[in-house]
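Below: one structure in structure tokens.
By written order: A, B, C, D, E, F, G, H, I, J, K and L. Residues from 1 in each chain.
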Amino acid sequence: MSAKVKRILVLHGPNLNALGTREPAIYGRATLGDIHGLLEALARQLGCEVECRQTNHEGVLIDALHSAKGGADGVLLNPGGLTHSSVALRDAVLAAGIPVVEVHLSNPCARETFRHTSLISGAAVGVVQGFGPAGYELALRGLMGVLSRDQA
Amino acid sequence: MSAKVKRILVLHGPNLNALGTREPAIYGRATLGDIHGLLEALARQLGCEVECRQTNHEGVLIDALHSAKGGADGVLLNPGGLTHSSVALRDAVLAAGIPVVEVHLSNPCARETFRHTSLISGAAVGVVQGFGPAGYELALRGLMGVLSRDQA
Amino acid sequence: MSAKVKRILVLHGPNLNALGTREPAIYGRATLGDIHGLLEALARQLGCEVECRQTNHEGVLIDALHSAKGGADGVLLNPGGLTHSSVALRDAVLAAGIPVVEVHLSNPCARETFRHTSLISGAAVGVVQGFGPAGYELALRGLMGVLSRDQA
Amino acid sequence: MSAKVKRILVLHGPNLNALGTREPAIYGRATLGDIHGLLEALARQLGCEVECRQTNHEGVLIDALHSAKGGADGVLLNPGGLTHSSVALRDAVLAAGIPVVEVHLSNPCARETFRHTSLISGAAVGVVQGFGPAGYELALRGLMGVLSRDQA
Amino acid sequence: MSAKVKRILVLHGPNLNALGTREPAIYGRATLGDIHGLLEALARQLGCEVECRQTNHEGVLIDALHSAKGGADGVLLNPGGLTHSSVALRDAVLAAGIPVVEVHLSNPCARETFRHTSLISGAAVGVVQGFGPAGYELALRGLMGVLSRDQA
Amino acid sequence: MSAKVKRILVLHGPNLNALGTREPAIYGRATLGDIHGLLEALARQLGCEVECRQTNHEGVLIDALHSAKGGADGVLLNPGGLTHSSVALRDAVLAAGIPVVEVHLSNPCARETFRHTSLISGAAVGVVQGFGPAGYELALRGLMGVLSRDQA
Amino acid sequence: MSAKVKRILVLHGPNLNALGTREPAIYGRATLGDIHGLLEALARQLGCEVECRQTNHEGVLIDALHSAKGGADGVLLNPGGLTHSSVALRDAVLAAGIPVVEVHLSNPCARETFRHTSLISGAAVGVVQGFGPAGYELALRGLMGVLSRDQA
Amino acid sequence: MSAKVKRILVLHGPNLNALGTREPAIYGRATLGDIHGLLEALARQLGCEVECRQTNHEGVLIDALHSAKGGADGVLLNPGGLTHSSVALRDAVLAAGIPVVEVHLSNPCARETFRHTSLISGAAVGVVQGFGPAGYELALRGLMGVLSRDQA
Amino acid sequence: MSAKVKRILVLHGPNLNALGTREPAIYGRATLGDIHGLLEALARQLGCEVECRQTNHEGVLIDALHSAKGGADGVLLNPGGLTHSSVALRDAVLAAGIPVVEVHLSNPCARETFRHTSLISGAAVGVVQGFGPAGYELALRGLMGVLSRDQA
Amino acid sequence: MSAKVKRILVLHGPNLNALGTREPAIYGRATLGDIHGLLEALARQLGCEVECRQTNHEGVLIDALHSAKGGADGVLLNPGGLTHSSVALRDAVLAAGIPVVEVHLSNPCARETFRHTSLISGAAVGVVQGFGPAGYELALRGLMGVLSRDQA
Amino acid sequence: MSAKVKRILVLHGPNLNALGTREPAIYGRATLGDIHGLLEALARQLGCEVECRQTNHEGVLIDALHSAKGGADGVLLNPGGLTHSSVALRDAVLAAGIPVVEVHLSNPCARETFRHTSLISGAAVGVVQGFGPAGYELALRGLMGVLSRDQA
Amino acid sequence: MSAKVKRILVLHGPNLNALGTREPAIYGRATLGDIHGLLEALARQLGCEVECRQTNHEGVLIDALHSAKGGADGVLLNPGGLTHSSVALRDAVLAAGIPVVEVHLSNPCARETFRHTSLISGAAVGVVQGFGPAGYELALRGLMGVLSRDQA
């Protein structure tokens, strides 16, 4: 029996809609659209489907993580600034009950002290940070590996 | 003259919609619906009315606390993960100007260190934690006691 | 076969003997005797027995928790100021091996910083705080619920 | 050529809708409507336009800061309780790419310890706190000064 | 009866005499003389009198705050580096018994960590920071507003 | 009408029974008996009565503070090592409802870091430390002054 | 001339009476009686005498340490939970003036953070932890070595 | 041969000149002149001489402590707000080489957290706090006792 | 002109030689040899060369990072336990002057607190953690992306 | 069948080669050779074999712990100054997979603050500290007890 | 053209006037006069001029640093106890705009914890500490080297 | 009798071999060879001999410090990144039993927070930092002064 096509939800948190114009020295010139293009191309190659969403609302992210349960096989999550303050988002990652990979475009450890710790990482299966848009591709590969390993 | 029937608002914060399936080792198998059933039965017994809402949005919780002012006599609030991070929610509890009781299904003090302090407790009239769904019943009794004591 | 009548030990720690005269703005005017009256009335209603003790000695509290093992089915414990400093009392709660509910008349989180953390809570099954004497009633109900749930 | 009329966005965060009735000992009796009246009168005098919004939702504030980019020349922001916890709002202030002035009605440094540090201030061009409603007027003057200086 | 002309003392603390040449990237090119010119012009407009002093000595600042009691109606105080270390200056602000507004040219929260907390703010009626020389004008307006409000 | 003779309770906490032989480099060679002699002589001179007790038990100290309420007019308390750890003793000082003066033979601030803060001082009317046995005499004089001032 | 038979006091602090039934995953199945048997057998072999006491009262431990001065040549002390909170017990160890060895059945450093530091260790001649009941035997050997070395 | 009359320097630090009018709820209504009167009367009784000085300048206090070496036999020092921040003043107390007693009118431990630790106490021979003006009398007695004990 | 084949140095720090047998619940069953096999296969696919080394010596890692300058185009570094303690290794990463990617098999943020911060991350171009052996593959892809981007 | 003779590896970390001459007030006059003599004599008595090594290199200690796996039945480890800083050594203790006992000649808890916590203890089966050279003998006895208990 | 003779200002902060008599175990027996003699001799040798000042007043130090701008080529500064508390002095070092070398007679890192961090060092070009009076000579050589290097 | 020629060991720790190419904005362009040239020239002038070694291995540094005992009269030590993390190196400095001077090319206090404290300084006789290569010359002069002073 052939394996079902995996559905991956890609969630971008606060301020990532501003990508490309927001502090380009830190976040680069690529837009969310560019990143979605990269992910869709890679998804075709890896035989999975990606659905991409961005929101500046913590609550919407939590809602989306809940609906992912059943509606998706795994999640790529860039929590933006909520990384460092949201216990509720951490709880939602755990509540989702499917593998969640945390992605950061920049390297938070090379920035202000309050960005050096993540409330999300302890609940994620893995973390990729510092690679810019390419980090989403790495995270998608990593997530697909986790899913196929779990299936085995 | 007979006393007016008390109206109690029950507010559940982030991730509590997932109750019953979310980390059952910690939160148990009861659903929000089960809890609402318990509360409605007890409300009938105590002669009050309960209205139950859940949201994953901090802002919606704050809105609800504001609208409770005038629309309700007291509040049962389970702030979920916002307990440990939301100064705005604490401010809303104070702004509501009616008694708010904080409820937790689990015992946060027996979990990760970042769950050991609550920004909400200092603004609540009382706290009930660790009793699972039954904690809401205790909190409703406690809140009714506070309301009748204040009335006296 | 009818269930055995539950025996509940109620333990009050340091300074609670002064209730009614000690800092009434914080602790109210009710005395320990009043609280015992409330608990005995509720115990009759719930079909259990309560035995109430107060001591200013940490060691006596620990002794009592040990003797509760076998001699009681559950404990209501108001540790007073020991809440924030006694690792030995926490150990005794665990050593008792029966459910212990922590009760506070006031809401410690709304007071000095050194009262914001409890060494006891992490070892208790539940916590009730801020409801004054009525909090003991809630705690007794909560404890009875835990005992009947464990029995089921 | 005559200078274009400056458009200023005024953003009020969580709980500021309750102004006038919420903890009047701290926040005073003026309402948001009163403050908007003051700002509109001053704006006419200074030759600028103000648009005033209030929301209890962090995400709506972030959305508004993003839309201010292009739609406004500067922002007056009272982040309410989010001041002390929201990294995402700080990021949005930076993403807006236009001058943002932080305003507080009360003096947070004279209140609880958790209000003594601001995540927003480090991203704002200036801060005005402690002057009640008049602080918004000072902030508008300050912001207009920054805008004319930048233009020069 | 016409109101008495308000007398405002403007106190600049350590290193502000070096304004204009000291770290201009942070503090700008304006000198204390320039700031005094701005304040005198505004004072004439607002119908008050300003007296401006600068000193590098904590003790002289404290002496001046004491003598302001009776000799002035309010104070604008830029405590310079003493902001972050001087309990004695905080005590003097309280001892002055008249409204004191704290002013900073730069935004201390955007600089080294040891500049993120102020011992003075908790004793001041209001704070204005980050607007450069114009901040003194805002502070004077704010102070005059406080004085007329207190008089009403 | 002549004033009633004041009764002063002198309480020595843990390890003070060992005075004279315990770490004489820190605590000196005088015994508790010597100190009681000094206090009785001074009490005769000041027209008051002293009753002196020592115990190594926190609970006994708390019991004694409670019984002092009504049985004594004021207390001299050397809490020994409990100074730095006992919230329960602090609560008892407040519960006593009569003036309590804290005394230390040595200067705790010149010793280990964990002796630099006192949980008791914030509840005492005054503190005398570092003067050896003579500190008790100073404390008795100070307490008598407080009592006569309160009476006035 | 033959050396005098050494007398060793063995002191067990809070909750150690519950040994064998208390949290056996951490503390094992041996009882205090078993440990006393081991110690007495070893004492015969090493030519010393042991006297064993257990108490849940800090004050009784302090009393015993004082009476050990003169009545014993050395002490084995398992302070239980007092290890992490009792300055008074540390002072008593120093006041005893004879060698005291600290013993722990479990390895506190492998447990909760609040068990990672000991107030007692800095006053003890040596520490033995993590070996279960056998740790008392090692501690007795270690103490006898210290005593014979001091004698030499 | 008769003993030389002791000369005692009394040093009051920042803001103590405002005594009587400064925050009377905390510091009382007595002025420095009243305190000097008390001290001079007691000095006559004890057979010593007091010289009293007040300054708001840290440097003047340090100068005075240096000149006390040789010019005085002991010092009463109320460091005011410098208590909590001045390492230089602590060094000066040590440099003086004569006994220095620290005095506080209020009880700093019952006030803001930043007043709970003293940099001076570790260098002083003794501390008296919380007794208002009478504390200076106690301190003078204590200092005289130290001087006569050192002489013996 | 064709691009030069990239040479990638793979450095494994302390205890990674024990992979496969060391704490398999955390680190899995794969050995370093398995990981090297994965990397060599991927390197062929990506058109680069990998050289793999493991050492338990901080100094050898630093030597290797220095020799990588000139001898390699990029580095994959799993610093093991040195991640949390070695400033010298961080300095070596910076001294290498070529892109270094930090890899962790496990997710340190889900383990002991002392593993939650990394001294290395702030000096690395990117971090991949939590994916087990597959994380090295992701890191190699990420590093190759960085190198080709830098070349462009 | 007779039990196999146990092989015990004794590892001394940095600076222990200097024993006997290094800070003798803290570490005593015995040399490593003396300690090895003691251990060999005791090993003969207990029927085991000891192999003793000293190194100043963290990496060599880690290598040795790895090679102990299979080559030894247990380890005595004095980590020297690495106790307080080396996560890598802690990991190696866990990787060894055989019982490791931590030994210290001095009592680190009675020294500088940075010596009060051990990264190693949480991974060791037991700790012996403060007994000088005899501590190694106690540790060997303790380790042999652990090994025979595990075998049972 | 020959280089201008460099003028070096030597500033000694609080308590350094007491050198020679103040805590000689820490600071030695040399006086400020001795140090000035050393510096003048070395200045002649190095072809520069030194002007030496001491003050116990923070404000005078700041004034002197300001006047050094233009009046001197570099500064040797021993900030005494202000090292650890004065942000204003740090600001003055930066405001001086010429190289400042920080000197300490003793090694603050080997003393109390509050002397382990310096607010001044981060603003100085270099630091010399622990060499007693000779440290000033080293600092003068170091400063001359900086000045000639800057000139080159 | 002529004094013996002093032998000075110069030890450079991790990453100092990369001097001249490593982060030249911080560490400058001079190489270790350049520094050794400077030191040899100065040694000839001062009549001493220098032997220079560099290693990236903590253990080799410790070995060298031990062998310096007897083989050298003093040590110049630049511990590199080990400054902030190595207790073992601190212990080795003490074990060497000869004067050790700590040298840093850059000024660590003007860099990341984790470089602001040194574990080595408290064990060194003196520290020289921030002067670049010339700092080694100053340190050699300082060390020679210490050696001649000790000899006197």
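Of note:
The criterion applied here is as follows: a residue touches a chain if its C-beta (ideal position, glycine included) is under 8 Å from a C-beta of that chain, and two chains touch if they have at least 3 such contacts.
The shown structure was predicted, so the numbers you read here are calculated from the model rather than taken from an experiment.
Shared contacts of chain G and chain J, meaning chains that touch the two of them, come down to nothing at all.
Of all residue numbers used at the contact between chain H and chain K, under half are used by both chains, marking a mostly different-residue interface. Matching residue numbers shows that D-E is the pair in C-F, D-E or H-K whose interface repeats G-J, with more than half of the contact pairs in common. Spacing of chain E relative to chain G, judged by their CA centroids, is 62 angstrom.
Centre to centre, using the average C-alpha position, chain E and chain F are separated by 46 Å. Centroids of chain B and chain J (each the mean of its C-alpha atoms) stand 54 Å apart. Averaged C-alpha coordinates put the centre of chain K at 22 Å from the centre of chain L.
In chain G, the residues that reach two or more other chains under the touch definition are 57-60, 85, 113.
Pairs of chains meeting the touch criterion: A-B, A-D, A-I, B-C, B-D, C-F, C-G, D-E, E-H, E-K, F-G, F-H, G-J, H-K, I-J, I-L, J-L, K-L.
Partner chain K is touched in their complex by these residues of chain L: 107, 109-110, 116-118, 121-131, 134-135, 137-139, 141-142, 145-146, 149.
Interface residues of chain I facing chain J in the complex, by the touch rule stated above, are 13-15, 17-18, 21-23, 55-60, 80-85, 114-115. Residues of chain I that touch chain L in their complex: 57-60, 62-63, 66, 69, 85-92, 94-95, 97, 119.
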